[in-house]
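The structures considered in this document are given below.
Next come two complexes built around chain A: one with chain B, the other with chain C.
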Partner chain A sequence: MRTGTAARVGQYTALFGYLVFLAFPFLWLISTALKPPRELGSLHPTWIPRDPTLDNFRQAFDEQPLLRAASNSLIAAAGAAVIAVLIAAPMAYVMARHRTLLARAAGGWVVVSQAFPFVLVIIPLFLVLKNLRLINSVPGLVMVYVVWALPFALWMLVGYVRAVPAELEEAAAVDGAGRLRTLVSVTAPLMAPGLAATALFAFVTAWNEFFFALVLLKTPEKQTLPVILTHFIGAEGVADLGPLAAAAFLATLPSLVVFAVLQRRITGGMLAGAVKN
Partner chain B sequence: MRQAAEDPPKRGRERPGPGHGAWFLVLPALIPILVLSVGPLLYGILLAFTDAQSGRTEPTRWIGALNFRDLLQDTLFWESFRIGLVWAVGVTVPQFLLALGLALLLNERLRLRRLARALAIVPWAMPEVVVGIMWRLVYSPDAGILNETLRDVGLGDGRDWLSGLATALPAVIVVGVWAGMPQTTVALLAGLQNTPRELHEAAALDGAGAWRRFRTVTWPALRPIALAITALNFIWNFNAFALVYVLTSGGPGGRTRLPMLFAYEEAFRYGQFGYAAAMGCVMVALISILLAVFLVGRLKGGDDA
Partner chain C sequence: MRRANPVVLVLVLTLLLAGCAGGDGTDDGRVTLRFQSLAWQQESVEANKELVAEWNAAHPDVRVEYVQGSWDSVHDQLLTAFEGGEAPDIIHDASDDLADFAYGGHLADLTDLVSDRLRSDIPRRSWRTTTFGDGIYGVPFLQEPRVIIANATWLRESGVRIPTPGDPWTWAEFRQVTAELGGDGKYGVAWPLKEPVSATLNLSLSTGGQLFHRGADGKVTVRFEAADETVPRTIHDQVNTDGSASDSTLGSGGSDTLPGFFGGRYAMVPLGFSYRQQIVQQAPEGFDWQVLPAPAGADGLSQGVSPQTLSVAQDSPHKEEAAKFIDFLLRPENMVRLALGDWMLPTGTRALEDPALRTTEHDWAIGTALAGHLRSAPAQSVRGYPEWKDKVATPAFQEYYSGAIGLDELRRRLERDGNLVLARYQR
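Up next is the complex of A and B:
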């Protein structure tokens, strides 16, 4: 299709406008993180710091237990990702290969859980975890994140199982391999990239999660990064802008890296799914 | 909570029964789901009919529909519900329109397309708390870039956007749109790749203009995805918490107190577990009704769209 010059100009203007809208808060975050207090107090803020400094980063670590929080986040997110994928994969396999009532019910639950009313779940969950003495504990949070990650882990994995031709499994069975043997030596290796993508996605969602962490974790030494970040904002909403920006920027880095790695898979996977549906 | 709408399951080869050993494969996931998800959901509904409170020594009593009666008369709850609707519609609609335009744009063969697609991921990858903090810095009355830009172009002399009674909700809505647009764009882009290019080209040869091609070829193919993503976005937005908690904590004067913030305060600040659970039930019921009306309406009036 030919597109006129005027239309092209319009398209590029729109694209440029979009990129600006997308980028400017993020650039501002970085700019703020690099400014010394004197520039932050200035009444006429500038985009590019005149006197860039890394002091805010050091100060951020002094003000709040960021390392501790990062390690809590890492444990919670990695733990949830690994456990969720390990227990979801077998169920996804059954859902993908067999049309049973159970598989259908699980599929329905996956859809409904997207609309999950968190208020309705968090209060009973809080009471249950309290009775199990798992309030204010990272393992308690991992349990919650696992269940929270399961719907989309199942959803993603069912797609990946179906991408593995059943003929391969049947061939292995003909060759005399048992069910478990077939799963472990034929299906699992073919699904490895899918398992990794699902785990990384679960990792990012758990790393970013705030609501459950806020409710379940009470003391600073147990809290995850998103919760600790809110401590930079004082009771009256007054914040030490430089360290706040620095800490916020640092907290984003791991998710950005994972998403950069996953980017092709996320868009590619959605595209493939939509096309072949 | 935002999650990717990943690969819709493709139809693979299916066998009739799970055979032996299937239970052993299913139980590891099923037990946590039942214990930590379905169970609490049912328990939560039960709690709504009790006077459960945190840290109280007397036993919890069954009080029937009393919580629900109180809720009906709680003007603060209805106010938060109204704000929740304004917010959810105010975010979902522009989000969809902008994402649609953007998806159409990124579906064209343009330079910078790859860069734009790659960057579109950034807001999606950011923790909501960071998005909130970032926009606080943008909106900041003195040190923020928004007011400085407005001053530069001669518009006004600095506002405190997030504490203004009139500006707080719109300011928060802009952030909501920004945060959710990428995911919607990627989903719609996936749908666009699904529309048959040949049909498009045939329509172009027949002399159909861009708008007509969109209406007759693109939109009918895109509609199912568009409907699904809009419905999901609406629910997610209505249940939003972290973004607004960080931006305004519900202020000023409750102008941005979304239902989830209200329920959170009732449950975990004032310890009113039963009351907050009842609120959860009402939210779910009302959202389900709204969605049912929306979906049924859209599906019925579908053919002319």
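Up next is the complex of A and C:
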């Protein structure tokens, strides 16, 4: 009994330590965002600001169009997440259920495509989007993010489809359900956690993406948050640290909200899947 | 049958609406120039935006659109924009970033576009930083010397001689002073050498260091000669022999050293002149600091700089209008506003005479006294320099300063490995 309690205390301590480790950058960001310039230059930094101020937030909003940039980021990231999942899900189903040579080749290509560096694709991509008149437009950026997220989304979803027992689909067919009905009523609900996780991945990737947004969006009205954040950084990496931290803190919030919303679905779906198995 | 998730529906509809709203705006018949500025400090951004607004008010037919760029990524962003034919008309950058764009045909030759007033107001040594081949590909307008920011109280109490632009420290004297100031866990100097190459090369001009030598055939070779040794050897010895320079700051950027400086750990920090703005903002109440000139060598206070520049894109259909806007932006009184906003020095001779830049407040006068000693950075027009810097020189200098390799190995790597890199660009 005593050994069990000690083990549990150890587990909780380890878990608490891990949470602190994960939360440290975020807490430090909040602390920095609330510090006046003189505290930022202190040799002995404090966890809790001695003289907290909201001036950094005020300055960040005064200097840069953060709300408009957040709105652009939200449209780009949400659009990329939804479209990537809508495209990847049927492809993943086919690749997982029909293990043909073509499906295997497609899987191999997905892995290879992950190795392409940004700089290799950016100029051809820029020219293609220019011809489509999609430079400096958020839909153009969404298109790029979808293409960029698709390989990994596909890779993830193939795994989730394989985790759904084919016997369930066969049972539905025996009960008289058609192909579409089986997919919608049996397979899709069981894949819900996978779809949510994939959407979350695509959302966070697009939300944080910087380079494509930098080169594709020309005017300030269209720029996304990661691009706007670099405006607080000068030559040789000198930064206006307080406003930068304030803006970066605000930039992390939507990701956290989306994660919080989707996380319930991921957990719920996983539990549901466990019971059925 | 499950109903469609309303959140997903809203997101899809939002995206579709955004798609319908896409586009670049309307063409009202006026000339519109896009000016991509890299200004980032609040006062500097304000100064730029105010000047754009003043121009637009006075020139209804030539509207300038202010576009915010970023120093962090300007090269990649411009490269893509040039290749895609979507570059801004007026481009703010640094002179050491222009060579590839100029040789690549992306920037307009401003030789016949720059006004006589600007041409005569900016000294020839500054024009050299933006002259590639026979053409001028940018107007240099802001620059900053590397200075030493010192804890004034510490210096005063130590009794060391305080240098001035008229009577600077020699490099040997500087080493001796830092040795006197250090001890008991404190250091005479903290060198922030995250980017060791440009700092070393630019300061080495004071001792006659050239490193890059252009032959009669126009080809450049690297030779690390006696005049190139003084600055790196001083830094190396301060860190590894005297213990008067902190070894922990060698991998740091300038801002990273400020807390230690304010906390009394280092007496001096060599920094760019514009760092005064951060010091004014962040220094504790009562902290007494002052600006000192960098040490001098056989060539006096000379040092290399890569000024901030304004260029015109070759693809711009309105080059003359763009040049006129640059001329407006760089009128002496406007150059002063931009310089004050960025805490830097203007290149223009008339702007430099402005009393606002010659005040003793925040030691502006020390900087203006150094302006005449600023030269084109040694690597300015050397093709292949960025690769040489990243692959050869940066690791070599970092290892030398940390004491991992000696001077001979540093020379061998800079010359042998460096010349192999440069040769690829000069075939």
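We adopt the following convention: the second predicted complex is superposed on the first by the 205 of 277 C-alpha atoms of A that agree within 3 Å, B and C clash if a C-alpha of one lies under 4 Å from a C-alpha of the other, contacts with A are read in each partner's own complex, and residues count from 1 in each chain.
In the analysis below, a contact is a pair of C-beta atoms (placed from the backbone, for glycine too) under 8 Å apart; a residue touches a chain by one contact, two chains touch by 3 or more.
Nothing here was measured: the structure is a model prediction, and the numbers come from that model.
Enquirer: Looking only at contacts as defined up top, I'd like to know whether chain B or chain C touches more of chain A.
Expert: With both complexes superposed on chain A, more residues of chain A are touched by B.
Enquirer: One more residue to check, A:L256. First (chain B), second (chain C), both or neither?
Expert: first
Enquirer: May I ask you to decide whether A:G41 touches chain B, chain C, both, or neither, giving the answer as first, second, both or neither?
Expert: Both partners, chain B and chain C.
Enquirer: Looking at A:W207 after the superposition, I want to know if it touches chain B, chain C, both of them or none. Which is it: first, second, both, neither?
Expert: The first partner, chain B, only.
Enquirer: So in the superposed three-chain picture, is A:V215 touching just chain B, just chain C, both, or none of them (first/second/both/neither)?
Expert: In the superposition, A:V215 touches chain B and chain C alike.
Enquirer: Given the touch rule stated above, what does A:L127 touch, chain B (first), chain C (second), both, or neither?
Expert: A:L127 contacts both chain B and chain C.
Enquirer: In the superposed arrangement, does A:H231 touch chain B (first), chain C (second), both or neither?
Expert: second
Enquirer: Touch test for A:R50: chain B only (first), chain C only (second), both, or neither?
Expert: So A:R50 meets neither chain B nor chain C here.
Enquirer: Please work out whether A:A239 is in contact with chain B alone, chain C alone, both, or neither, and reply first, second, both or neither.
Expert: both
Enquirer: Quick one: classify A:R162 as touching chain B (first), chain C (second), both or neither.
Expert: The answer is first: A:R162 touches chain B but not chain C.
Enquirer: Return the residues of chain A at which the contacts from chain B and from chain C coincide.
Expert: 40-45, 119, 122-123, 127, 210-211, 214-215, 230, 232-233, 237, 239, 241
Enquirer: Please name which positions on chain A make contact with chain C in the complex.
Expert: So the residues of chain A in touch with chain C come to 37-38, 40-45, 59, 62-64, 75, 78-79, 81-83, 119, 122-123, 126-127, 130, 134-140, 142, 184-185, 189, 210-211, 214-215, 218-220, 223, 227, 230-241, 261.
Enquirer: Spell out the residues on chain C that touch chain A in their complex, using ranges where they run on.
Expert: 1-2, 7-8, 11-12, 14-15, 18-19, 22-24, 34, 38, 40-42, 45, 65-68, 70-73, 76-77, 80-81, 83-86, 88, 94, 194-195, 253-255, 258-260, 262-265, 272, 274-275, 278, 281-285
Enquirer: Show me the residue ranges of chain B that touch chain A in the complex, using the header's touch definition.
Expert: 1-19, 21-22, 24-26, 28-30, 32-33, 36-41, 43-45, 47, 101-102, 105, 108, 110, 112-113, 115-131, 133-138, 140, 142-145, 148, 151, 163, 178, 182, 186-187, 189-191, 193-194, 200-201, 204, 225, 232, 235, 239, 241-242, 245-246, 249, 260, 263-264, 267-268, 273, 276-277, 279-281, 283-284, 287, 291
Enquirer: Which residues of chain A touch chain B in their complex?
Expert: Residues in contact with chain B: 1, 3, 11-12, 14-15, 18-19, 21-26, 28-29, 31-32, 40-45, 47, 86-88, 90-91, 93-100, 102-103, 106-107, 109, 113-125, 127-128, 143-144, 146-148, 150-152, 154-156, 158-163, 165-167, 179-180, 201, 204-205, 207-211, 214-215, 225-226, 229-230, 232-233, 237, 239, 241, 244-245, 248-249, 251-252, 255-256, 258-260, 263, 266-267, 269-277.
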